[in-house]
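You will see two complexes here that share chain A, one where it goes with chain B and one where it goes with chain C.
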Partner chain A sequence: MVKRIVSGAHYGLKDWLIQRVTAVVMAFYSLFLIGFFLTQPLTYASWNSLFYSLPVRLASLLFLFSVLIHAWVGMRDIFMDYIHPTFIRLTLHVAVILALMAYAAWAVQILWSVQ
Partner chain B sequence: MKFSIYRYNPETDTKPYMQDYELDIEPEGKMLLDAILLLKEQDETLSVRRSCREGVCGSDGMNINGRNGLACVTPLRDLKQPVELRPLPGLPVIRDLIVDMSQFFKHYRSVKPYLINADPEPEIERLQSPEDRAELDGLYECILCACCSTSCPSFWWNPDKFVGPAGLLQSYRFINDSRDQATNERLDDLEDPYRLFRCHSIMNCVEVCPKGLNPTRAIGKIKELLVKRTV
Partner chain C sequence: MGRSRPVYLNLFKIRLPLPGVVSIMHRASGALLFLLLPVLLFVLQLSLASEQGFAEVQGWFRLPLVKLLLIGVIWGYLHHFCMGLRYLALDLDIGVDLPQARFSSWLVLAVSIGATILTGAWLW
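Coming up: the complex of A and B.
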């Protein structure tokens, strides 16, 4: 490729990039969980102790936020492709954002309820 | 050979329909366009665009057994019968296999498909090193047949806003031309959730391009440059 000095960005790139980054986060977390399933006994005690540790809670939270942000970009993309009337699209956007925020709060509540 | 061809004449038909044709032809060594021209002798109302008949002009793009391609470079013997011919999807049909390409060319024009260079014009020509010239390989060969853009779901859903694989390939052709000086303006123009980012890397464009080009790769390179100038 020809060398270019490039600067001065607007909109669209960030969402595309964030979707890629969150996908990587989800992939690592999934590998970690698969590793857990393959190496540890599947009992209530092992599952409970896994999610009792703070690093795992934080990683899970990071994973969940990644899922939610990834889902937001994906849902927005689907709406841009298929839903053309502005009012319906805006309504759906708001509905999805509110739902994802509720999921985020719910996820925190679940993760920190592990005793 | 058996053919089933999409027919629509807006002056007489209320709805498009499929018409069956039979043709006595030896498929070996012949192209689909040869058969279509013989069918047109049988039924002169059958309308189709064609010009160079050798895959250079890009006039006879159509949907052949569900896949976009140029009739003139599609070997007849490889086709499953009845050969189903339809106009390129996603564009308005003018008549039979002829589509209105205005939208397609509008997007093409929107990427300013010409060299932008403010330097004084040299006496002979703007020189390029062989390496810089090689950067244009796989980009300049596009014949604008619209097979790629009309096979792209993103183009079907947002034909008015998404530039489409053909336009984006052409845009990158000038972004990646060492003689062009408007890279930033070109990137500014493309950095848009519609114009560029409707591409979801479905790669139908790569699959159907009769010239074997790779618009998805070019789009990836544009995104790469956008990332580069942002971070």
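Coming up: the complex of A and C.
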């Protein structure tokens, strides 16, 4: 057996995959939205009816959740690299997690109050 | 082997080559976009809430300073987007050798800045 010191509990591969899957979701949604901006006149009516349709609403929710998960992995990596004192780093982790959970609820509320 | 991890680096002793520069810009733009999430959600909420809210958002985006800030955010998004595609390509073993990696770094800079200028011209 090779003896080695590892950091953390084998979350690396899972996070690597999550970061890429969420990136692909965001890339396709971005292209869809760019397509809307390029082909449709931007008025309240067109903007509102875009997000009123259920498929677009669900795609937007998938996009926003992907953003939040992607942001968690990214911010955690940044903190792991640059914030050395454990207490401050863990406090920042908790702050980011709480903020992202609040944003998730906010995103649902925004999308599901479109009339 | 045997080194204690995680390893911390002294950033001020490192002179970055171009792939390193675009990589740190990927991080910086990602962190910026994270910090702007509440602002973006707020703008989305207001723009969808009512006709008046939409008009209010449109009014803000007509201010030159806000336009400049928006173009900055768009650059951050496009840089992060293009770098993301570059990383996905690297994962597929495309462009791993140094000359190609340098070229794709230039490409990311050129495409994201070019697209930002086009978007800026369209917005103005």
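FYI, the second predicted complex is superposed on the first by the 105 of 115 C-alpha atoms of A that agree within 3 Å, B and C clash if a C-alpha of one lies under 4 Å from a C-alpha of the other, contacts with A are read in each partner's own complex, and residues count from 1 in each chain.
One rule holds for everything that comes next: contacts are C-beta pairs under 8 Å (C-beta built on N, C-alpha and C of every residue); 3 or more make two chains touch, one makes a residue touch a chain.
Nothing here was measured: the structure is a model prediction, and the numbers come from that model.
Participant: Could you tell me if A:F51 is touching chain B, chain C, both of them or neither one (first, second, both, neither)?
Facilitator: In the superposed model, A:F51 contacts chain C only, not chain B.
Participant: Which partner, once the models are overlaid, touches more of chain A's residues, chain C or chain B?
Facilitator: C
Participant: So, does A:F36 touch the first partner chain B, the second partner chain C, both, or neither?
Facilitator: Neither: A:F36 stays clear of chain B and chain C.
Participant: Touch test for A:A23: chain B only (first), chain C only (second), both, or neither?
Facilitator: second
Participant: For A:D81, select first, second, both or neither according to whether it touches chain B, chain C, the two together, or no partner.
Facilitator: A:D81 sits against chain B and chain C alike.
Participant: Thinking of the overlay built on chain A, is A:L13 touched by chain B (first), by chain C (second), by both, or by neither?
Facilitator: In the superposition, A:L13 touches chain B alone.
Participant: Using the superposition described at the top, list the residues of chain A that contact chain B and also contact chain C.
Facilitator: Correct list for chain A: 2, 4, 6-7, 80-82.
Participant: Hey, which residues of chain A end up touching chain C in the complex?
Facilitator: Against chain C, chain A makes touches at 2, 4-7, 20, 23-24, 27, 30, 44, 47-48, 51, 67, 71, 74-75, 78, 80-82, 84, 96, 99, 103, 106-107, 110, 113-114.
Participant: Please name which positions on chain B make contact with chain A in the complex.
Facilitator: Of all residues in chain B, those touching chain A are 132, 135, 153-154, 157-158, 175-178, 183-184, 187-188, 191-194, 196-198, 200, 221, 223, 225-230.
Participant: Can you list the chain A residues touching chain B in their complex?
Facilitator: Residues 1-2, 4, 6-17, 77, 80-82.
Participant: Which stretch or stretches of chain C touch chain A in the complex?
Facilitator: So the residues of chain C in touch with chain A come to 1-6, 8-9, 11, 27, 30-31, 33-34, 37-38, 41, 44-45, 47-49, 51, 54-55, 77, 81, 84-85, 87-88, 91.
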